[in-house]
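Next come two complexes built around chain A: one with chain B, the other with chain C.
== the complex of A and B ==
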């Protein structure tokens, strides 16, 4: 501690170390949050359902997605990334997940939403297995923190089925 | 001759320093007695005080910042309080304030040191003999 530069260096190093500890504590405090999110999805319409020239099936849907994800937000939340995935089983794959829509929720106020949209990303199968196929629509979310650990969870909504024939 | 020069010049410099610049911490001006050139501007007690003056306020500000940020639900508030604490702590312990030098070490005055000859290294004669070969 015998010179200006030495003391300035000691101060900055100690200050940054304590800052790192504060950020770790802030991340740990996220574990005390017990969220209770709700979500509901309706398939309003199957717009079209075709077999593409390369042999894969493709569906276009109009969806109504409503959710309340406000309890996911803590003081250490930067944003919540949310996406809706169609999940189904085929003879070749035990689980197929196709992302149909996603969005970024920047603040708690935006976390209660209702959206009416066609699928943002194409619903294409690896093959032609979709006729008459029953599928789940699962809402996944990733709670992205300001510092520390990211939490991810999902909510599965079952009971959806595609038509037996192409339209 | 050299002894009288150093004392007159150092006393003039010291007088000038005390007239205008004595209220500034030492890094901002560097007029020092020749005996003080070897010593650091801060004494041992001052260094210990500086270390405590760094650790305690930083930890206290960190605790205060975290609790305030958590209760208010604002990460930004925590960072702002902590940043203010870091700046405040740097102002009180980084510059070379006079209160850090209240227990100065008394180095032997150069006029006194010159009275007693420095001990000569004993193996100087032996070294000369081996280098000749």
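== the complex of A and C ==
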């Protein structure tokens, strides 16, 4: 029981167990963090709003997104993935979520930002339901840890409405 | 040369019962690993509760060689979730993020579009010819946790199978020549 192989085996098993325990504790420490993020979105302009040849509506927007997500970062945070989704209901679909813009925040310093952009991904409906449609712009964030459990949350901003006619 | 002589002597002097005991111990280890794996499949509700990230399409969040823990529940699939899906013709599961969701009014049917964080365009290029959306049946699970670097063992064993054979051969030799 004292050969090199047995000692190496015991040492390796112990080391791996301790490593797994440390990863679990790092992940648990994230639960003690109570974040308080803030965000604000404005639709600066509806650039164009048309019905495509295949019958689906499409709209292009210019957005102003500002947010402070610094309280989401802990020592176990690798990055925060943030995206803005337009959410609305249509007669055919109970929920439509269309991501308009996303970004990756690598460090706490970058977590307070202000961005002026057109929608990165096309805002296309399944059908032609967008005229006069009221929608929410919800900022979602996904915290990706260095190890362990990932968690996500969102902030919904309501009260946006598309024009009644195409332009 | 003396060491080889010793090993050959030790193999010759093995008794039948000893060999049988060791074979059964090995069998026990393999079956308990299988029980743990199948148990994990039950608990997480997913066909493969742990996957290895194979490509760089989700960097810098997930790098090649990380492992992801999956969980599949009846909860509806929402935008932003990282899902693992199997396309009809491909065997290798893909891990990407959901960017568009269109969920029907009364049924549980849903149209999903995914995209890798590090890719320029969405996954329509990966889907089958003419397929624009994923359905719930394609989704194998949601990623809920991750561990970095641990998956490199699997990648090395898949891409250089010679290492797998060397490892199994060495383990077999160790089992036969050890007396305890």
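Here, the second predicted complex is superposed on the first by the 166 of 167 C-alpha atoms of A that agree within 3 Å, B and C clash if a C-alpha of one lies under 4 Å from a C-alpha of the other, contacts with A are read in each partner's own complex, and residues count from 1 in each chain.
Methods note: a residue touches a chain if its C-beta (ideal position, glycine included) is under 8 Å from a C-beta of that chain, and two chains touch if they have at least 3 such contacts.
Small disclaimer: the values here were computed from a predicted structure and weren't measured.
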Original post:
Now for A:11: first (chain B), second (chain C), both, or neither, which partner does it touch?
Top reply: first
Original post:
Thinking of the overlay built on chain A, is A:50 touched by chain B (first), by chain C (second), by both, or by neither?
Top reply: neither
**OP:** Figure out whether A:112 sits in contact with chain B (first) or chain C (second), or with both, or with neither.
**Re:** neither
Original post:
Which partner, chain B or chain C, touches the larger number of chain A residues?
Top reply: C
Original post:
Between chain B (first) and chain C (second), which, if any, makes contact with A:25: first, second, both or neither?
Top reply: first
Original post:
Where does A:91 make contact in the superposed view: on chain B (first), on chain C (second), on both, or on neither?
Top reply: second
**OP:** For A:146, decide between first (touching chain B), second (touching chain C), both and neither.
**Re:** both
**OP:** Report for A:75: first if it touches chain B alone, second if chain C alone, otherwise both or neither.
**Re:** first
Subject >> On chain A, positions contacted by chain B and by chain C >> reply: 1, 146
Original post:
Which bits of chain A are touching chain C when the two form their complex?
Top reply: 1, 5, 23, 27, 78-79, 81, 83, 85, 91-99, 102, 104, 106, 121, 126, 140, 142, 144-150, 152, 154
Subject >> Residues on chain C engaged by chain A in the complex (per definition of touch) >> reply: 60-62, 76, 78-82, 97, 99-106, 111, 117, 122, 143-148, 174, 180
Original post:
Contact residues on chain A for chain B in the complex?
Top reply: 1-4, 7-8, 10-11, 14-15, 18-19, 21-22, 25-26, 29, 74-76, 146
Subject >> Contact footprint of chain A on chain B as seen in their complex >> reply: 27, 40, 42, 46-48, 50-51, 54-55, 58-59, 62, 65-66, 69-70, 72-75, 78, 82, 86, 89-90, 93-96
